[in-house]
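Below are structures written as structure tokens.
In what comes next, subunit A is part of two complexes: it sits with subunit B in the first one and with subunit C in the second one.
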Partner chain A sequence: MKDLSLHLMDIVQNSISAKADKVCVFLTADNEADLLTMIITDNGEGIEEHLLKDITSPFTTTRKTRKVGMGISLLMASSNMAGGDLKIYSKRFEGTTLEASFKISHIDRLPLGDIAETMVTLIMSSPDIEFELSVSNKKDCFKFTTMEVKEQLKEVPITQFEVLSWIRDYINSEIKIILGGVLNEILG
Partner chain B sequence: MKIDQLADLIQAKILTDNKSLDNEISGAYICDLLSWVMSHANKGDVWITVHTHLNIVAVALLVEVACILVPEGIQVEEATIKKANEEGIAILSSNKTAYQIAVEISKFIPLVK
Partner chain C sequence: MKSLAELEEIRKKTLEQISLRKSNDGMRVIVGMATCGIAAGARPVMTAFVEELNKRNMTDVTVTMTGCIGVCRLEPIVEVIDKDGNKTTYVKMTPEKAVRIVAEHIVNGRVCADYTIGEADK
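Up next, the complex of A and B:
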């Protein structure tokens, strides 16, 4: 994957397949520790124990149509390539948490990519799932939740064009504020 | 062109057992971004990559490439070779760069399919 937003999209699809109705994404950039962390946690049906121990292998999959599943293995490769690591915690019928880290300054660290577009695409395709996005640089943080937006919107659907445009702009500008000076890349 | 013919042509070493050397090579593809390879390489390609992780076997299987070719004499992990043998994917190793390999095989493998 060319950037983290594409990995995010891919991993959240796993949560959706696991019938989660709430998915939280945490992006934390810690300049002192030189570490960028992406945590995705859901309340889906969790991963069966026998699959969990080999979950980062590309030959572990629940697919019936083919014997390889690349999502987690590719993210693990991206993390390892940038001096980071990947961990997965899961409890059957409670949910799954995936934690991927990257050394911010590592030359092979993937750029952040268009996180706002990923969130908007996810909301658009699964409007009934509650999504949360928290972005932090250890000093400041910002949090976006679809639940709050829906409360404000009342009858207006969250998938309406103007709403999605607003969400995209809002997330973009907040990411710029929080991560702009922290990640050595041009954002948005 | 067959895999063993390719190996002879560029003096590459065949790291896997001899099961799938009969595969016909119909093209070549060079890329190290695995997700990109998954969506852009073609069935029957010889895939040249600097990656040696187990993931390359999974990608090769998915795309049905003819074989994997690791350039610049990069060491390939034993676990990767073992899995490739299980899945019938040939892995070749060459001391040449991807570019040198591409130039040499371009006379024998068609550019357009």
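Up next, the complex of A and C:
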């Protein structure tokens, strides 16, 4: 993958396949620890225990169209390449949490990419799933939830083009504020 | 700073438009979003469809995504399904191709044969 927002897009597809109806994304940049963390939690079907221990192997998959599953192993490779690691916690019928970390200053760390675009694409194609996005540095935090947007919109669907454009601008400007000073590619 | 209160403005404006819009019985665009599709550039292709359709006010066309469509080496793959259920599969998609498919296939009903799956294998 070219950037972390594309990994995010892909990992959330796993949550959607697992029939989650709530997906939360946490992006945290800690300047002092030089660590960027991306956490995705869902309330989907969870992963069976016998699969979980080999989950980062490409040969672990429940898909029917081919024998390898690339998503998690690719993200692990991107993490490891940048001095970070990947962990997965899951409980059958409760949900799954995936945590990937990256050394911010590492030369091989992927750029953040367009997180707003990923969120908007996900919301547009799965409007019935509740999405949350929290972005934080050590001092400030920004939180976006589709639930609040829907409450505000009442009978207007969240998939309206004008609404999605607004969400994109909103997330973009907040990410700039929170992560701009930490990830220099954001201002560049 | 932007705030959620701005949505009220959008809500009011959109409500007026919605009452004028047709129902969702139009064409469907389905973008393959498996890992291979995303890595090959499916996300900007989907965005291009949405933006071009909005520009042309084609509000009765739905754009959705699906998992694996089945031919990794031809990703990004897009299926266009017309009102009668006829399916056209476009391969190796780009945002530029998406713009042309909206103009020719979706607006004017002419399939862009040179982007279809049969053509790619020649």
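One rule holds in what follows: the second predicted complex is superposed on the first by the 186 of 188 C-alpha atoms of A that agree within 3 Å, B and C clash if a C-alpha of one lies under 4 Å from a C-alpha of the other, contacts with A are read in each partner's own complex, and residues count from 1 in each chain.
What we mean here is this: a contact is a pair of C-beta atoms (placed from the backbone, for glycine too) under 8 Å apart; a residue touches a chain by one contact, two chains touch by 3 or more.
Note that this is a predicted model, so its numbers are computed, not measured.
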item	value
Dominant toucher of subunit A (residue count), subunit B or subunit C	C
First (subunit B), second (subunit C), both or neither touched by A:180	neither
Partner chain in contact with A:111 - subunit B first, subunit C second, else both or neither	neither
Touched partner set for A:58, first subunit B, second subunit C, both or neither	first
Partner chain(s) touched by A:74 [first = subunit B, second = subunit C, both, neither]	both
Partner chain in contact with A:169 - subunit B first, subunit C second, else both or neither	second
Which superposed partner A:6 touches (first subunit B, second subunit C, both, neither)	both
Partner chain(s) touched by A:83 [first = subunit B, second = subunit C, both, neither]	neither
Those residues of subunit A which subunit B touches in one complex and subunit C touches in the other	1-2, 6, 66, 70, 74
Interfacial residue positions of subunit C with respect to subunit A in the complex	1-2, 4-8, 10-11, 13-15, 18, 33-36, 38-39, 43, 46-47, 50, 54, 63-65, 67-68, 70
Residue numbers on subunit B that touch subunit A, as the complex places them	33-36, 38, 51, 53-55, 57-59, 61-62, 83
Complex contacts: residues of subunit A adjacent to subunit B	1-2, 6, 57-59, 66-68, 70, 73-74, 77
Contact set on subunit A toward subunit C in their complex	1-2, 6, 9-10, 13, 17, 63, 65-66, 69-71, 74, 117-118, 121, 124-125, 148-149, 152-156, 160-164, 166, 169-170, 173-174
